[in-house]
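Got some structures for you, see below.
Across the two complexes that follow, subunit A remains constant while its partner is subunit B and subsequently subunit C.
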Partner chain A sequence: MSVGAGASFRSGAVGQVAFRRIERGVLGAAGVAGLVLLWQAAASLSGVPRYFFPSPRDVAGAFTVLLEKGILPAYLADSAGRYLAGIGLGTAIGLALGLALGVSRRAASMFGPLLNFFYAIVEVAWIPIFVIWWGYGLRTILVALVYVVAFPVLFNTQAAVRATPRVLIDAVRALGASPRQVLGEVIFPAALPGIITGFRVGAGFAFRGLIFAEMIAAKNGIGYLILTSAANHATDRTIAGMIVVGTVWLVIDQLYLRPFERVTVERWGVLRHAEE
Partner chain B sequence: MRKNSGALGTVPFVALGLAWLLIPMLTKIPPYALPTPGEVIGRLYSGVVDGSLPKDVLASLRRLLLGFCIGNGLAIPLGIAIALNRRVSDLLRPLLTFLASIGGIAWVPLAVVWLGVGSGAVLFVIANQIFFGSIYNTVTGVETIPRVLRRAVLSNGARGTQMLWELIVPGALAQIIVGLRTSMAYGWRALVAAEMIAGTNGIGFRMMEAVKWYQTDTIVLGMIVIGVLWLVLDALLFSRLERATVVRWGLLRETA
Partner chain C sequence: MAALPAEAGAGSVAASKITIRGLSIDYVSEDGRARHRALEDLSLEVRENEFLSVVGPSGCGKSTLIAAIAGFLRPRSGSLLLDGKPIGGPGADRGVVFQEYALLPWRTVLDNVTLGLRLRGMPRSERDRIGRQFLEMINLVEAADKYPHQLSGGMKQRVAVARTLANQPEVMLMDEPFAAVDAQSRMTLQEELVRIWSQSRLTVLFVTHSVEEAVFLGDRVAVLTPGPGRLKAMIDIDIPRRQRRWAELGNNLLFATLRQRVLDLVRGAGTPP
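What follows is the complex of A and B.
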């Protein structure tokens, strides 16, 4: 009997959680639907020219055309390639430098101020000189992305390495671990949550940086689509592009970056420990 | 950690300056691609003397400040209001998350269609960027106040404004300040980017104009000004603000 009571209590709680989740989803969807309806009503009732204020239907139409003509998939692939290459390379560089500066206090105090200064020159500000050096094209975009990702990864890695408990390093060393083992089996795992946080920050800046760089220096990609369409009075395409940008970032952030961070952080229990 | 670097930290700056001086003499990089330090200093001097540089800096800073005040002035009260009611919060949260994820820079072309090239479009972009960045953090801040605290304050008879000022605002403050700071970092980038595409004055505009005429001294000067301004802003505003509030109350976790 007590088992039955426990089970029913538990299923009640589960039911409540499920109900709450459904309620949340329904309300959230209603919010989005409400905005779309309002927007449609405003566009059709105001009589403002379509190029100035396209309705959701116009945007949906533009989206379909972009899909059918294969423009959108092709541009998405262009942007994705640049983005992945940029953050991959930027993370590798930031990680290597961050580990080095985290381990060596001397190097950190030597290069810290210079790095801070260069980080303050945001990647957006580098684009004009890159354009002078390399023209409008892939290299300009790629270097800007590498630049913007490398710094947050570097700083967070450095801080996380520095925060590795000395005791652990000494203990492993006393057990006869080589420097390489210390780095690979103590410092790196201990620093991983920090590295991931830096990666997430960098990936966020890089995504915006990509859109901007494509507006200035590309002949394809989502940023190019948004800008050129607006210049050609195809504002419905511009908005379709913006919605794609928002959706893509949402997917990257919610489906990949946040869970990734949660998993690593939870596994190593660092954040929870710090919160207590 | 990065504070007591002292003299050692100046070494790379000196080395970099020397390299910058020597590279044009030793290599065949065309002069237009890399201005000499002398040219950049000369550009700084002439810009200060004819007043064009301070004018651009002020135009950019004014916009940043205005965008910051408009964005946060709307976002923080609205965010608190949304987060106080669970249903309203459920209704609007996905929408806000989505709009925040579009990001200010993607709005630049639309802003130009609506407001034309110039200050209006730039201001729209930066206020937009800051608003969405900030409101998300405010809502999260209020929602993560432990329910126990809310009940405790309620059962002690606090209502209305007292509840707001003694529980909600202090409870959400750490997250709100994180929001202020992140939104400023994104806002600063959005400002420079928007000025480059849609501006008619300001540092970003001046740099992009210089690209047309291959005036690399102006571009490099602009980059240095942007770097210095950001460091000054960060040191003056945020490090101080954080020390005065979050760190003092022991709420800061060194994550961001």
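What follows is the complex of A and C.
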């Protein structure tokens, strides 16, 4: 009965939600346009040298050149490869550790304090040592990314595993499930919304970490572009790179991560709620 | 050991499916300091193919008893035997139906019903065929592809019963399965349960705080003391299975008498027979 009421509430709200989304899009675009105009006016009126404070027009020019020369696509591909490898590996490690620590109290007691200790040391603090161990290059960047992704995935997974309703585990055990089947049939699906939340947080951390790591330890990629362009007084390229970073994240987050999280968390949430 | 007179008289009639002797169970807090005794020196026999109701006030340890027989909990002392062999842990020979239904929210009704068969590696076509038979038994064939949250409480509990039966246990342990269901559906479910069980060779241990339900369903009714639970009395319910319908029992004198007797025992007024 409560389910029916919830469903009708939902369908009634759909029209409003669509309207709000359009309204939000228009307002967001207006905000961007306003900022660009303000920037152009400031750059034209201030009269400072281009390399010191490039205008939007300069940046757009730099962007076109970077595209035409193929630099931007190549660097984007470099960054994307590192990013995907880093979050893939980091998620796998965080997930495995999170499941283990969520299931076993003993493992949690043994490794919990240690993990918290390492979590407090930001990846930035590790990079000098990573560079000594592995030099400037892919390995250092990858390890740094894995480091930042693994923690949020681990902690969220662990908490979600802990929150699995006891009665579901008992029910499946009484049907003859082995420990591994309990994990696959109950604990993993029940923890999935938490795992996805952790993944989204980790993907965000890794994206920022990637640009930073590329500024220190790479000879290509968007982070490298931002750093070297500024060093060569090609400030318009630096800003073009920064805009690419912000835009790419916006696209990843809005088009992939948020809808993905919303769908699973909501669907599971409704189901869980109805089940209890 | 601490056998009560009622038990000593009745225990030898049929083979014992589950034998519980001197069972004590403690809940220990995480730091190990606080201890709470949920069951104390409980002795009880469940006979082969009988329907045993266990009734007692809430908090007397009924769920603890179910969890112990299911193998989720370890006794502090005493013994728990199934067919004369000690119970070491959970197993498919003992199915459990929980008050909270405990269906997997991310699986369809049919997949929930066939869960035990899947765990054993039975191929999909075969287990779906069996699953549909059990859905037919509980009149829910049309709900096969729905998800649990789309069902009412009564329907969910029928699915949970079907899931347990499809797994073909020897014993079905039921922990206040109809307590969260509305009154009309509950009566229907109780009648359906009698019908299903009469057609099977199952041994059922049914735990409830409702005296009426315990007497309506049980071959015998075990009354527990308030916590920590011990066996207070065992009452035989000599009402034939085909008469176990609410329309018939509503003004059945024997039913009314037995119900009153059990009620007095639960409330502490009566003395064990």
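We take it that the second predicted complex is superposed on the first by the 242 of 276 C-alpha atoms of A that agree within 3 Å, B and C clash if a C-alpha of one lies under 4 Å from a C-alpha of the other, contacts with A are read in each partner's own complex, and residues count from 1 in each chain.
Going forward, a residue touches a chain if its C-beta (ideal position, glycine included) is under 8 Å from a C-beta of that chain, and two chains touch if they have at least 3 such contacts.
Note that this is a predicted model, so its numbers are computed, not measured.
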Field: Most subunit A residues touched (candidates subunit B, subunit C)
entry: B
Task: In the overlay, answer first, second, both or neither for which of subunit B and subunit C A:151 touches.
output: neither
Field: Touching partner for A:197 - first (subunit B), second (subunit C), both, neither
entry: first
- prompt: After superposition on the shared chain, which partner residues are touched by A:63: those of subunit B (first), subunit C (second), both, or neither?
  reply: neither
Message: So in the superposed three-chain picture, is A:127 touching just subunit B, just subunit C, both, or none of them (first/second/both/neither)?
response: first
Message: Once chain A of both complexes is superposed, is A:83 in touch with subunit B (first), subunit C (second), both, or neither?
response: neither
Message: For A:181, using the defined touch cut-off, is the partner it touches subunit B, subunit C, both, or neither? Pick first, second, both or neither.
response: second
Statement: subunit A contact set shared between subunit B and subunit C covers 271, 274-275
Subunit C to subunit A touching residues, read off their complex: 67, 70-72, 90-92, 94-96, 98, 100-106, 115-116, 119-120, 147-150, 152, 163-164, 167
Field: List of subunit B residues in touch with subunit A within their complex
entry: 1-2, 4-6, 8-13, 16, 32-33, 87, 90-95, 97-99, 101-110, 112-114, 185-186, 188-190, 192-193, 196-197, 204, 207-208, 210-211, 214, 216, 219-220, 222-224, 226-228, 230-231, 234, 253-256
Query: How about subunit A: which of its residues touch subunit C in the complex?
result: 1, 3, 165, 167-168, 170-178, 181, 185-186, 189, 268, 270-276
- prompt: For subunit A, which residues are in contact with subunit B within the complex?
  reply: 23-24, 27-32, 34-35, 51-52, 106, 108-114, 116-118, 120-129, 131-133, 159, 162-163, 194, 197, 201, 205, 207-209, 211-212, 215-216, 223, 226-227, 229-231, 233, 235, 238-239, 241-243, 245-247, 249-250, 253, 271, 274-275
